[in-house]
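Listed below are the structures to be examined.
In the two assemblies presented below, chain A is common to both, partnered first by chain B and then by chain C.
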Partner chain A sequence: MTGMVPGWNTLRQVGPAAAFYVLFFLGPLLILFLYSFWTMDGYTIVPGLSVASYVEAVTTSLYFAIIVRTVLIGVATAFLVVPIVYLLAYVMLFVLDDRNRRLLDLVLVSMFSGYLVRIYAWRTILGKEGLLNSALLQLHLIDQPLTFLLFSNFSVVVTLVGLLIPLALLPMYSSMSNVSREHLDGARDLGSRGFHLHRTILIPMTLPGLNTAFAIAFILSVGDFVVPTMLGGAQGTMIGNVIADQFKGSGSNWPLGAAMAFLIMAIMLAVYLVVTRALKWVTRW
Partner chain B sequence: MDGPVKELWLAKLNADVSRRRFLRGVGGLSVLTVLSPAAILAACSTAKSSSAPTAAPSAAASAAPPAKLGGVLNWLGYDGEQAETVAKPFLTANGITIQPTFLGQADEALTKFQTGGRGQMDIVSANKDFQRTVLEAGTEFMAPLDMSRIPNAAGLFPAFKVAPWVVKDGKQYTVPLIWGDEPCIYNPKKWDGVPAKYTDFADAKYKGELVLLDDAFGNIWLFSKSLNMPEPQRLTQKQLDDVIAAMLKVKPNIVAFGSSLGDMVDIMVRGDASMGLGGWAGQLPMASAKGVTLQIASPSTDGTFFWSDAYSIMLDAPNIDNAYAFINYMMSPEASAAIASELGSACTIEAAFALLKPEDQKLFPYDIVRRPDGGVLNTQIVLPPQKDDGDIVGAAKWAKAWEQFKLA
Partner chain C sequence: MGDAVVGTGRDAIRTSAPRRPELLFARLFVAIVLVYLFAPVVVTVLFSFTTSPRLSLPIEGLTVNWYANAFSNPLFGRALGNTILLAVVTALGAGALGVLFSFGLVVLRGRVRGILLTASLVPAVIPVLVLGIALAVFCNSIGLAQGIRNAAIGHILVALPFVILTMNARLETFDFTTLEAARDLGASPWQTFRDVTFPLIRPSVMGAGLLAMALSLDEFVVTWFNVGTEQTLPVVIWGLLRRGINPSINALATVVLVSLIVLVVLSNYLNRRKV
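== the complex of A and B ==
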């Protein structure tokens, strides 16, 4: 509109969303950051300025081992989710044509049920007396139930993959829908085929969607503590559980939990940058 | 619809949807979706509490009719102790709905209270050692009770009238609901019973069969007793390390840590574990409701510890009238006997004892609660000191040790 300062117009448009973001995300994050420099005295939190919690978080060998295991689980989950959603999006957009919307709806319908309900469903599927073991026993493919299916890293990864595919599919689908069929046809006419077509044409054109899908799968799986609690068993603790325990009850240590939270955020950011840079490099061979 | 309005309406309906318009609409809907339920719930809560009917006296209550009953009762505690079945006549007659939140450990309630829960929690049902610690520390949590509003509490056994987790400086803070012990829970199709000592669970025959409640203090105490520590709740760092070392020998046999008593039952009912440590008789009806029969027993040499859970009203409870009326109802002999039977525990009201089945009367040593000093119920303390006391390590070190046990 004539006479309006462009800056004010932008502020007016983004202001409400920005205010919501500051109030409900940055604000609590800042408070948590402050907590990470405080200390505990029994049940009481003592304000101050101390890095003792950060020192404890990085120097305790058990925490280091858990962080490594958590990152590996996160990477494994993301490396399973991203190819699956890439393939799903490709099939929906370039193979199924007009029927693709129904498949997308089917994938999204799985999100209509509650998070805990879906986790309990995996307990029913993977348990010693669950659907999978029962089927394998009935088919005489095994003599004894497979105990590694539940309460293990395997069950954690499988469940996280199942939970995160619908979420990661959305940005992948959105990104790939901007690629027209003519682009791919033209590349094929010029001699590009199979993996070369994907690596040099489709993946570079859908890189933002791939990066977002990876971020969703990796960050949400590293930060999860409900799935390892319900399905991880005695050996499946992840860093999210350790952080949650610091806020939960006996011997709770909020400053340590806050310090761990920021430490793992830094690690997640570092891994995300490395993987996305590597993906970009691969497409430029 | 008139011409110009209709034209505008049709223009809106038929307008092309750009990505910016779509996202604007979705954003607006999202904000409404997030905010409106909260606003509606807040309005309903306000409307209900301001228009709540006057209560009709319940059959078991002997107090004058309390005012302003109805609406919500926010309850936190162990699964089953919210007594929705036992208290159904009272709840229905007064239009009260219990909103329960279940705890794995009592001190989770304190965390919730200190992190925005104050002013939103009515009743907490926690164990005696936690309540004793909170009272001794003077931590703001439980409100002193107006016992004239809980006349049925006059019928408590002598041990529960003056216990240190009930009374402090002449004021009463809790009202004991049930008491009992902490047995192991097992599947009789797999096991004939439990071993003589907790350390015996390191035997390879238990591999893949054990589930433990995620309870730092209870589990460490049990293994401390198993190692014959003179005072299982007061350990030096060396003693604590020895206890954790003994527990680590059992860890390869543990399938999972139950996040709550109900979760433990779920794991056992599904057949993913067959022996639970740190159990409770109240888990038997939970399993039975799912069609599975479990049994309880305590190791013959080590025994177990006794506990007592009591209701307390939180500071700044928003539905205090409902809280007092509910607690008074639960202290009636009929309700006390019913909740004790339902949860396989012992009753706290003297007159309720006669209402128990003869076999239930023999389950627990009631002579200890007929004594004002409470016997072993008073002397047996499961929680460690809140802070280090000389060589004796405090709760933070127990929690750290438990964390190291779980992460190993």
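== the complex of A and C ==
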């Protein structure tokens, strides 16, 4: 049995990946965290232990407004993504059950249909002379192109939701496949129907999946900077743009960018905790 | 069609099977979501072949000029070479690290296993922007100049959680008594791995490797912060995007798209294969 005892052999297997994570994930995060307490003196970075960058990030009214907008966009995106993937998983597993694997494959293929590609394509679809507008014009449903479609919160949310549905579906689907058909049928036989069935049986049983789906949708939309750059327009800046600019762009300020990155991750964690607690509470009432 | 026949048979067996309106609603919902997810893909491929550079309807004519245009971009060759190099390095690196790690996890039980598995998946729920800048700042502070090497480290970091997730799912259903039998018959750990374990899990390993390749091929954010002045296909596409509408973007994007879909379909097929 010596071979099965966790020991030297296990360490050798787990070790390399663990070392890689420590060196290129934990280490860099720690250094970025240190940087968030340093300061800029002109163009040089001065090591130290100052919260000046954090103060700057929350007291500069422009940055504060951008942080609030970003969180709202993230919440809107997640609140659209979660019900969609919940329904999708439910429908795939319990309504169209004989074809769910093929459907899952299709959704997964769309996840790998190119990140930049999909963002650019939404620009083609939603533009002033884009596909949606020209289709609506030709059908005489509108006589002026709709301008709110592109370079707006609308286009940012539409694109983010589309990007994140496949990724958020994965935990939702695996969580819902743990619910047995018999369990659900039992509840139905006892007279649980419709919304009541979801609230009392399915939602409580798939809470881990719902939580992870929310986390994926919220965190990844709040952290995105490519979508607002391409589709957000002049007023559409999100915190990701500001952070990216501090490291690769005009107003390079690493300590400020680092402070913003940790601030936004703290906000992500806080929103995640609040929403998952609320969800748990709702299913108990 | 055949669906209706199957549906009736199922309804007859299970009294609580979905009722008609629910089935109709379900199909409609799935159809709408699929259109939503695939509209960008269809648009990209379609407009990579149209003559009008304005990217609007109605379509005037078809052409392959945008492909010629894209391939004659002086950056294209270099970007393609780097993209392939990164994809291969990521598949090998993340594949080896992830497969070993998943094997190590299997013999661990309970809490330690859970903690290690969760910890290994954390990079997947950290914004790639943060992964990218953290790596860039780190490499800068230890004096690693930006370039393909740094980007490769970033790609492995991005792909590793997904490789572990895939391999772990596969190994949970793996029959470990086979290995004990091999050991009982006198095989060394290495012999057991080479002659018994690896041949059994090879399809899953290749599937995970292809998944890592696909993730690398599509990676933009971490690359952008770490690649310096080098080019990859997504970096070239980003450069063109910043300069405005250009139909050769659709052609380049279609090239990336087709390679991604081939990789993912193949990966999926290998992961599903029964052993």
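For the reader, a short list of remarks on this structure follows.
Methods note: the second predicted complex is superposed on the first by the 266 of 285 C-alpha atoms of A that agree within 3 Å, B and C clash if a C-alpha of one lies under 4 Å from a C-alpha of the other, contacts with A are read in each partner's own complex, and residues count from 1 in each chain.
Here is the rule we use: contacts are C-beta pairs under 8 Å (C-beta built on N, C-alpha and C of every residue); 3 or more make two chains touch, one makes a residue touch a chain.
Note that the structure is a prediction, hence the values are computed from the model and not measured.
When the two structures are aligned on the shared chain, A:Met230 is found in touch with chain B and with chain C. Of the two partners, chain B and chain C, it is C that touches more residues of chain A.
By the touch criterion defined above, A:Phe247 lies against chain B and chain C together after alignment on the C-alpha atoms of chain A. In the superposed model, A:Leu62 lies in contact with chain B only, and not with chain C.
In the superposed model, A:Phe20 makes contact with both chain B and chain C.
When both complexes are overlaid on chain A, the residue A:Met238 reaches neither chain B nor chain C. Once the two complexes are overlaid on the shared chain, A:Val179 sits clear of chain B and of chain C alike.
Once the two complexes are overlaid on the shared chain, A:Ser134 sits against chain C while remaining clear of chain B. In the superposition on chain A, A:Asn9 makes contact with chain C only, while chain B stays out of contact range.
Shared contact residues on chain A (touching chain B in one structure, chain C in the other): 17, 20, 124, 127, 129-130, 230, 247-248. Within the complex formed with chain C, the residues of chain A that make contact are 3-6, 9-18, 20-21, 24-25, 27-29, 31-32, 35, 84, 87-88, 91-92, 94-96, 98, 103, 105-110, 112-118, 120-122, 124-125, 127, 129-131, 134-135, 138, 162, 165-166, 185, 188-189, 215-216, 219-220, 222-226, 230, 240, 243-244, 247-248, 254, 257-258, 261, 264-265.
Put simply, chain B touches chain A in their complex at residues 27, 31, 103-108, 110-111, 115, 137, 139, 208, 216-217, 251, 254-257, 259, 263, 266, 270-272, 386-387, 394-400, 402-404, 406-408.
Residues 6, 10, 14, 16, 18, 22-23, 26-27, 29-30, 33-34, 36-41, 43-44, 47, 54-58, 96-98, 100-101, 103-105, 107-108, 112, 116, 119-120, 122-123, 125-131, 133-138, 141, 153-154, 156-157, 160, 164, 180, 183, 189, 214, 218, 220-221, 224-225, 234, 237-238, 241, 249-250, 253, 256-257, 260-261, 263-265, 268 of chain C are the ones that touch chain A when the two sit in their complex. Remark: chain A residues 17, 20, 40-43, 62-63, 65-66, 123-124, 127-130, 147, 150-151, 229-230, 232-234, 237, 241-242, 245, 247-253 touch chain B in the complex.
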